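What follows is subunit A paired twice: with subunit B in the first complex and subunit C in the second.
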Partner chain A sequence: MRTKRLPDTPGLPGRRGLPRLARPPAVALVCLGLFLLCCAFVPRFASFGNIENVLRVASILCVVACGQAVVILLGGIEFSFGASAALASVVTVTALPALGPVGGLAAGGASVIAIGAVNGFLVGRLALPPVIVTLGTLMMASGAAAWLVGGLPIDAPPSAAFSWPARGRVLGVPVPILAALLACAALHLMLAHGRIGRLWYHVGANPVAARLAGLDVTRITTLGYAVAGAFCAVGAIILTSRVASGQPALAPNLPFETIAACAIGGLPLSGGRGRVSQVVFGVLTVAMLNNAVVLINLPVAWQLVLLGLAVLAAVGLQKDWAALARLARRRGR
Partner chain B sequence: MTPRSTGRARFLVAPAAIVLAAGLFGLASPGFLSLDNGLSMAGQIWILALLAVGQMFAIAARGFDISVGAVAALSGTLGAMAANAVGLPGLLVAVPVGLACGTVNGWLIGRARFQPIVATLGTLLAVKGLALLVSDDGQVVPLEEAARAAGLSFDAVAGLPPLGWAALAAVGLAHVVLRHMLVGRRILMLGSNPEAVALVGAVPWRIEMSAYQLCGAFAGLAGALMTARAGAGLPTEGAGMELQSIAAAVIGGTMLAGGRANVWAVLAGATFVQVVLTGLNLSGVSPFIAQIAVGAVIIASGLMDAGLRSFLTRLSRLSPPKGTFR
Partner chain C sequence: MSASDDAPSGDAPAEFALVATGIAKTYGATCALRSARVALRRGRVHALLGENGAGKSTLVKILVGAVRPDAGQITFAGAPVAFGSVTQAIRAGIVPIYQHLSLFPELSVHENLSAFALAAGGGLWTGRRLVEPARARGWLNEVGLDIDLATPLGSLSLGERQLVEVARALSLDCRVLVLDEPIAALNADEADRLFAVVRRLCAGGAAALFISHRFDEIEALADEVTVLRDGRTVIDAAPIGRHSREQLTHAMLGAGVEAAPARLSERAEPVLAGRGLAAGRDGRAGIDVTVHAGEIVGLAGLIGSGALSLAATLGGAQAGPGELSVGDASFTPGGRRRAAALGIAYVPADRHSEGLFGALSARRNGSVSALGPLARLGWLRARAEAQAIDPLLRRLKLHPLVPEAEAATFSGGNQQKLLIARGLAVPGLKAMVLLEPTRGVDVAARGVIHEAIREAAVAGVAVLVATSDLDELMVLAHRYLVVREGTLAAELPRGAARAALLAALSGSAAA
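Our next item is the complex of A and B:
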């Protein structure tokens, strides 16, 4: 077992001399390289409008990826995000006449959090594999979403409050981008400075040890999945507001894209390690790839192919780096 | 180790579940228990059965393959193209295509030590994209000999359509591979104790790779069957099949921790899923509710595995295993 380096751990022997400033993750280089490549070779990429567009798309992905990151830190994986976002949009639009735009969006968000909490309970309390649990709730959420509206999308009556999450601006900054910044800040506070983040790292790194140390693994895991659901809920609210309708097939690729973003960012899917900056750069990489495919006029299916290859390449490179580091350490000894 | 008699109990869950579900649906809708319905279901289960049997190999080797649905779609589409070029036997191109996808998965997982979920997620995305690319963004590829393919897949000969018999033969072959051939025994050995595989002189990563190759080949076969039944290659089909195949394999007693599997029980697991789907359909329940039910079945299968595991270990007076596994 490799020793896990926990963030914000002053006083570890041998680490005292290291500067406290966080080193940028390796994916930042990949991201920067891709950005320069796109600027140089992709037509119309480096315009202000397009960059804002990329950021706008990336911001939704980023909010949800923050949730995915929590689950991955816990050593799990979350497939139900797309389906629960679809359920949220349907619930929102169904509840709209009775509750008004704010209440409707809140109801939609609450349904996502509830699904997350159920996932967390099943994984944490009953020790079921996360894959099975979240695939099962994916099925159930998308079935429920389709059943509520009879399988067809329904339109929402337009209103200013309803479209604010997707189209509004605060001090000139689009609300989705603001939401992404806030989500990243919140996750960073939880992970690097909060007690709950520390507990997530512990449980993700070694659930058995965490249990033996007297931690309530069930509660920590359930809370983690529920917080992940809350991040996804924010993303779902923005998405619903953007499409202005209840879509039972909203964002089917959302879980894949967020997992890919985390994997590309360098979060090991075995859990216990990871920082917010990695997630951010992973998200930017995915968003740029998707944008570049569209701008080069390739068939959209290339997005999927490239995403798959990028995940495999990223995880493969991580493994090689780890092997190289081990080799170097052995040499040094 | 659990004694043999208690260890076998897990394989009886699926048949018991079938009897229970069939009884309930028989009460709810009288047509369910008719011979006609039985025969029609017997013709329907094979796509899921083949996927589940393939999935069983992956789960028995302590893994997962969530790319089977996408692999079936890609291989079915390529099979349809080949069949249009060289005649109906060309459909079998689907098997090597599936095998190739399985080989990629197996190499990544066995040799490059990727986590199964990451490797198969990557291939899921890539293969899904490829299926769209080869088919001009998801256009179906109609079979030229669709009538003959439909005859083979729907007209019953001695109870089952010819392709049903072929699928049954493939399932029987899987049984022979798992029970009586070295590679199958080694896959089970790898699932229950990976160190032991190395100790007896086998190469663990090759064994693991062959598990995913078998999984891919069966997914390819399922793709061919899918194409024959639909009369066209369907590049966007197969989403959700991976879930059903995992559910069927796990209800069929395949241990999620690896090392225990039985092909006939998995066939019963696939039958159970089909019984639930058909039964809900005949009871006039909305297909969307049926989807919710399938989701519940998946989670129930996980609960069943966990419950059986702790029950059987308590029975054999060992402390229950602690911690989660992936």
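Our next item is the complex of A and C:
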């Protein structure tokens, strides 16, 4: 009677012997359901142009959500992403005359990574609570961005190199989507096969036990926040390129949308669990929700309301994800 | 399977405080309970025995309302009940005392004692949030604690905290007291106080359910015993004394288990050494300890003596004065990372908060200290990891033997085996420091863990075991170091009489 198999992540069991990567997480059901609902009831949703649009929006979100996922795995939370993306855009535009488009974007990206590293140092070395630390850097980055441009957006002079991250294509694939795929692949490699990913799981699951097992918890945490900053930096570069300007209020909802994507994906905010596929489906769900709100002509403000509801539902359901998976398995029999 | 015939089902229902029959519970692929039955008589102390994994913890969780059973019936005070939460069960008078304390270390003793009154609600703004000091003091007196109500709970010893938890139970109209391994953290004196309180409650008509692994305690306290094996009741409410210890062990395991005597290894070169250490935060510095290759040193001390603290210091887990060395390399107290790199394994006393990665698989729990050699250029080699860890899990008889299963899904004894496996997997293992290595662990797992410790010693590892369990000390250690009030009070050779050890522990006799 006792079966030899216990799922080690909440997810659908799939066929016996299927590799873990191929076993879809429970959120895939939610995502698929939402997709079918949108196709059936939302006008103009199921067109090629719209789907590509959804994927474009989702791709930026996805890159940044990969960073958020690292922080959440560590048992932390990142609120500073939106402000640091705004700072990145402002730094980029400010540095543009001196460094050119590539150098400017690189400088913007570097500033995001730096903020991530500072967060990591404060959380890891000084053991300050992540909520407070990242709220603090959010305010500082936001203030610095406004100060640098005097509060008003500054346009960047148009150039091909500058607009490539947002509008370019490689072999017909839009660059943002390519970036998202690469980000997911990189995160998957780190989490499933890399030593650093394993260490993040350990620190997130039980930091005290991690220290006593001989791990360098400070370094692992700092590195995690810095890597999260690197993911956010890629997203910030694409965003800056898209708006072609330095905007001190570029993406205020970015942290909430990425946290929402992770929560909906089923990552427990207590840390220690989660994989990339969960993040991807969480991101797609958020992007479809946002898109549907626009297409059915609801006020855009509804995006946040719906997102908030989705997050609460996801966190409320979180302990029951496993139950959902079990239900699906029973149906499948 | 074979529930004995003296199942008290025919008796008058008023005699029973709580009866649970046909209880079944499945977690995922693991069947925790198949058909369990337990019947608690008023005024009696009922012991629940079973190996880890037999379903004791699950049954207790069901009785106290923390978990809902998949099948079965629970009758409380003659009427069928289905508690939806622990709060409901507590209001009805089923009061749990957990193995893992459910107190608030940041709050004062007074506030902790008031927790149930606060949870009962309503009183948030009435200004009478805390129970009257006189009543609170009365409860403390009943459990034999004489401490100031304003004392922060965190400053008390583990044993004292447990007694506070029992004192808190007195604040309720307690009809059924459920004690999940309450003695593990108590010294003999504290245990006696607890026994007295439990008996007094029972004399007043309450029933007590008492979960323990130690026959001494069960025989001292319990009137009846129920034995679980593999999720089934195999001995149902038999009076204590009807079955011998061997019969009970046999019922628990389905097979007899012998405690083999420790094999003495040759004395060899010193491996783990500490100079000028302190036992506990208040202890004076100046303790020297040396553990030789192949030697098992037992560090004994009552709760609060500083023994565990001294052991943690030797493992590099706790900062303090003094210096440590392993072989020629030195490290500082609190330098756990360097200690691990030098080949010192450390098994903490509190496996849940300090040891286990519940969300990670059994194998990953075992490999965490060995990731260096298992990685190449930052990549983990999955096959090498399985080859390094799985044989250890097999040797420790992990049950179920599923290295991919999450650590949190295993029973307590099997979780402890994961920590032992982690220690054995430390690359270049030279010394092991183990704190309470078999606390709350069943007989079979205890035997396996002891065997693994002995094998490591025979292979030349220096082993230091800190334990408050005298039996463990005496079957395992080659010599005993006794810590009392933060000082190294005595050193006794293997074979020293139990009485001498007890005297050294309590400081009662002239040394």
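One rule holds for everything that comes next: the second predicted complex is superposed on the first by the 297 of 333 C-alpha atoms of A that agree within 3 Å, B and C clash if a C-alpha of one lies under 4 Å from a C-alpha of the other, contacts with A are read in each partner's own complex, and residues count from 1 in each chain.
Here is the rule we go by: a contact is a pair of C-beta atoms (placed from the backbone, for glycine too) under 8 Å apart; a residue touches a chain by one contact, two chains touch by 3 or more.
Only a predicted model underlies this, so the values are computations on that prediction, with no experimental measurement involved.
Legend: residue contacts after superposition of the two complexes on their common chain; A:138 is shown touching subunit B, with no touch to subunit C. Judged by the touch definition given at the top, the superposed model places A:146 against subunit B, while subunit C stays out of reach. Of the two partner chains placed by the overlay, neither subunit B nor subunit C lies in contact with A:56. In the superposed model, A:193 makes contact with subunit C only, not with subunit B. Contacts of A:269 after superposition: subunit B is touched, whereas subunit C is not reached. Applying the stated contact rule after C-alpha superposition, one finds that A:211 touches each of subunit B and subunit C.
Considering which of subunit B and subunit C touches more of subunit A, the answer is B.
By the touch criterion stated above, A:202 is placed in contact with subunit C alone, subunit B being left untouched. Taken together, the two complexes place residues 208, 211 of subunit A in contact with subunit B and also with subunit C.
Partner subunit A is touched in their complex by these residues of subunit B: 64, 66, 108, 112-115, 117-119, 121-130, 132-133, 137-138, 239-240, 242-243, 246, 250, 256, 286, 288-296, 298-299, 301-303, 306, 322-326. Within the complex formed with subunit B, the residues of subunit A that make contact are 75, 77, 122-123, 126-133, 135-144, 146-147, 151, 207-208, 211, 252, 256, 259-260, 263, 269-270, 299-309, 311-312, 315-316, 319. By the touch rule above, subunit C contacts subunit A in their complex via residues 28-31, 317, 336-337, 339-341, 346, 348, 353-361, 364, 368-369, 371, 375, 378-380, 382, 400, 402, 404-406, 409, 422, 426. Within the complex, the subunit A residues that touch subunit C are 1-8, 193-196, 198-199, 201-202, 204-206, 208-216, 272-273, 322, 326.
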